[in-house]
Amino acid sequence: MAERRIVTGNYAAAYGALLSRVEVIAAYPITPQTFIVEHVSEFVNDGKLDAEYMPVESEHSAMSACVAATATGVRSYTATSSQGLALMHEVLYVAAGLHLPIVMPVVNRTIAAPIGIWCEHNDTMAERDSGWLQCFCENNQEVLDMVVQAYKVAENTKVLLPVMVNLDAFILSHTVEPVEFPDQKDVDEFLPRYDPKHAYLRPKDPMVVGSFASPEYIQEFRYQTEESTQNAKEVIRQVNDEFAEKFGRDYGGAVEEYRMDDAEVALITLGTVSATTRDVVDELRDEGKSVGLVKMRWFRPYPTEIIRDIASRVKALGVYDRAMSFGTGGPSYMDTKSALYGHSTIPVLGFLAGLGGRDVMVKDIRLMFERTLEAAKKDRVEKEVTWIGTRGVQP
Amino acid sequence: MKMKDLPEEDWFVNGHTACPGCGGATVVKIAMKVFGPDTITYFPANCLLVFGGTYPLNSFKVPYLHVLFENSAICAAGISRALKRLGKTDTSVVAFAGDGGTADIGIQALSGAAERNEDIIYVCYDNEAYMNTGIQRSGATPFGAWTTTTPVGSVEAGKGEYKKDIPRIMMAHDAPYVATATLGFIPDLLKKLEKAKNKKGCFRYLQIYAPCPPGWRMDASLGAKISKMVVDTGLWTLYEFEDGKMTINKKPKMTPVEEYTKLQGRFRHLTKENLAALQKYAEDKWRKDQALAEAYS
Amino acid sequence: MYEVRFHGRGGQGAVMAAQALADAAFVEGNYAVAFPWFGAERRGAPVLAFTRVDENKINIKTRVYNPDYIVVLDEKLMDFVNVAEGLSPDGMAILNSPLDPEEVDLGMSVKTATVDATTVALEVLGAPITNSAILGAFASATGLVSIDSVKQGILDIFGPRIGDKLAEKNARAAAAAHDRIKIGKCKAERTYPEAKKWLPTYQEMPLSLATKPTKTDSGLVGPGSSVENKTGSWRTFTPKYDEEACTNCLMCWFYCPDAAIKRLEPPKKVGFDMDYCKGCGICEEVCPADAIEMVR
């Protein structure tokens, strides 16, 4: 029987690795991810997890070790945050380019300068073009479940791409809440051993992995990554459904809709703000306002078709971002507009709040809905990007 | 293993596009004859990657991985840990990196792998500059040498600093096996390659001198000769550091360094004072290496 | 606009020649661009460089596929590289060759200028470096730039790289070659085998290029496949082997960077695989019995 315990998001992320029976772990500590590497080293030293544990000298080396181990033919795992993710940057592209299905929890933390340790999504958003798939979690249960699901998506032969499982710094990483732990036997049935056919290193069956390639090959190589990324959309749905069937938790696939029946406007969210937004939606519904929540769970691949469908059912969309693409807007906002261009003429508004780990308050989310309702009424965008809770800036 | 006992078969095959007379290609050819088919190789971004691994051709008959530039040691370690999981601990995992990828950008990963005593063979083929990008100075470039980033100008000429001593740094990690070698002393080179291969389950570091005719402004036929001379002058000490014990394999003749430098255009501009400084470096190095061997006897 | 493609080998200065020609045209008030195409090859391997010249600003940024002129720095290249590929039928070939144009076979009949640039270079520079002499031949054969501008181009481009003194010598080499060209029309008797290259679709291409040894229509790919690349064509000097003198010490076999020397069954000793020998001469240098001599 599955047991329930009160644990942190970091513990859930680490336990997801244990349940996934990862074979090589390369780890380097960084606040607020540190507990993940501590927990996995405890699992290994206590004999609960039979894996090679590599306490490496940097995040660059952590990702390099995962790339090499996965290229050799085993399942590998690491976790990082913020500057650590930035240090991995060039290795991330190799992991995706070589189609190595690595899974990595990223505890989303603001990137220096100024140095801070609290939540912002500018670490993971900087890697959105790296070829990695990216999912965002709302609570600790989802963190655990998504580590297991991420391996299943990543290792699907139609995908074979690495996945970042994003969890908000401190808001999840250091917060305890009840989590149900699936039985190992069930996870083993859900997630079989990694047995690569496309890339491995075996002296009896030699293969070249990682070549110097001329322009004659690289464009086709890039297209392969694009195709895999597109394929991931269907695989994400299948894995979600299979997981729901086996473990009883259905996350809705790439996007979860909350109270979206007959909603006039919706707010698109990433990460833990989705949870607070549920309450705000309930409140506003009680007040008779027709609002709903679109919780974006998988940001890469971007769920273009789903967002278009949602846009066809509402009168305006608000998009909440916890990161800024300077000079334009939040990355999720930009992608939403890009998906809708030519398909929808409804107003789309961008909202920035909670940067650097500042709390995103109920009143902030209410303001996002109010503005979006106003835009729906006027059928017009008066202000594209609204910074909420910024001293000296009129929201 | 004697030279005559080396197999005829190559695992680094011909058709590679190294420059004529490439010392690095010879080092790799011979090393692969010793390491044999049960080997997985790793290459950083270096000449070898380009001349031996330009898609779709490849000169290696054994499994081959390239990831990036500065992570040779950790990538080799990642392969080795995965093999351990798969129960294939007999397979040798070898990284072939140049001196720039070792002494400069790769030293962090190298140090980490040595400290954790990863089960890998790390071969630094030392051609004393960044040759792949067109002869730029590295930490392992010798004093006085011209490179494109230590040009012979009217104010400064050649590298002003001395060669970074990576084998000594590896010794400071108490690595189980550290050795220096050149193509000029065949039995010594083969013995060290064999030891590196057979000393399983631990970190092994080989620094092998690799003449680069274009980079050293040297005739393409001189690779073997210069590999002997560098030892004779005392600029390169042949030694082994094995399980804490250091053994010098060859007492240098201490022939004047000028005999060595005059064969290479990269040293053509050296003044008398420069040559005296390089001579002093050779004498100091030999003195220090002897003292080290004494301390680690 | 006219477009020029230079054929040389890594280390012969084809790129500098292309740049010096651009500089010469620029000196005369034109707009000019010059650029290399770098493959993976190192010293000795065939390389390409391009020059475009026009009175007006040049916007096109592609390589040159249908040149008006080809310039070949190394006559041996013509043995295995189809240097005239894509050359305009109204165009012209400027070749380093001691032969008359009529004796040269480029596989297409086209106006041709030959010059013995190697001899000129040996006379003037004391080294067989032909990238300056060939430019003098280009000037006189085409009339597109004056020899004075070519000399200026050489001083401007070569000077900062090799020093003003050597640059001046190179300018003299160009002037010497200017008066020693022969103009005619080359033969079109040979056919070059079509260059084979494996160009899979993205579906055929192994995912992430992770490749096993595979036989394709264009030859082997993957581990051990570089044997397809016959680097013997790079060679300028060739080892002449005296089996009688050979003591079978195997030093040449050990040191050959290209594994072009093979051990043979006794009583034979070693054999040379000329498909791969790049002519570095290390075998001659290490042979204790003087059984190997490098010859042109």
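Just so it is clear, A, B and C label the chains in written order, and each chain counts residues from 1 on its own.
The definition used in the following text is that a contact is a pair of C-beta atoms (placed from the backbone, for glycine too) under 8 Å apart; a residue touches a chain by one contact, two chains touch by 3 or more.
Bear in mind the structure is a predicted one, so any value in this text is a computation, not a measurement.
K.L.:
Which chain would you call central, comparing Cα centres to the global Cα centre?
P.N.:
Given all protein C-alpha atoms shown, the central chain works out to be B.
K.L.:
What's the farthest chain from subunit C if centres are computed as the mean of the Cα atoms?
P.N.:
A
K.L.:
Can you work out the whole-Å distance between the CA centroids of subunit A and subunit C?
P.N.:
Computed from C-alpha means, the inter-chain centre distance equals 53 Å.
K.L.:
Could you give the separation in Å between the centres of subunit A and subunit B, each centre being the mean of its C-alpha atoms?
P.N.:
Once rounded, the distance between the two centres reads 43 Å.
K.L.:
So how far apart, in whole Å, are subunit B and subunit C when each is placed at the average of its C-alpha atoms?
P.N.:
Taking the average C-alpha coordinate of subunit B and of subunit C, the gap between them is 31 Å.
K.L.:
Would you please write down the residue numbers of subunit A that are in contact with two or more other chains?
P.N.:
In subunit A, residues 206-214, 217 touch at least two other chains, as defined above.
K.L.:
Can you tell me which residues of subunit C touch two or more of the remaining chains?
P.N.:
Within subunit C, residues 40, 209, 211, 213, 222-224 contact more than one other chain.
K.L.:
Provide the list of subunit B residues touching at least two other chains, using ranges where the numbers run on.
P.N.:
Correct list: 50, 54-56, 58, 60-64.
K.L.:
Touching subunit B in the complex: which residues of subunit C?
P.N.:
Touch residues, subunit C against subunit B: 10-11, 40-45, 198, 209, 211, 213, 216, 221-231, 234, 250-251, 254-260, 262-263, 273, 275-276, 278-282, 284-286, 294.
K.L.:
Looking at the complex, which residues from subunit C come into contact with subunit A?
P.N.:
Interface residues on the subunit C side: 39-40, 197, 199-202, 205-213, 222-224.
K.L.:
For the complex, which residues does subunit B have touching subunit C?
P.N.:
Residues 3-4, 6, 8, 10, 12-23, 25-26, 29-30, 47, 50-52, 54-64, 183, 186, 213-214, 219-225.
K.L.:
Which residues of subunit A touch subunit B once you look at their complex with the stated criterion?
P.N.:
Result: residues 23-24, 26, 51-52, 54-58, 60-61, 64-74, 76, 90-91, 94, 201-203, 206-214, 217 of subunit A touch subunit B.
K.L.:
What residues on subunit B touch subunit A, complex-wise?
P.N.:
Going by the criterion above, the answer is residues 37-40, 42, 49-50, 53-56, 58, 60-68, 70-71, 74-79, 81-86, 91, 108-109, 111-112, 115-116.
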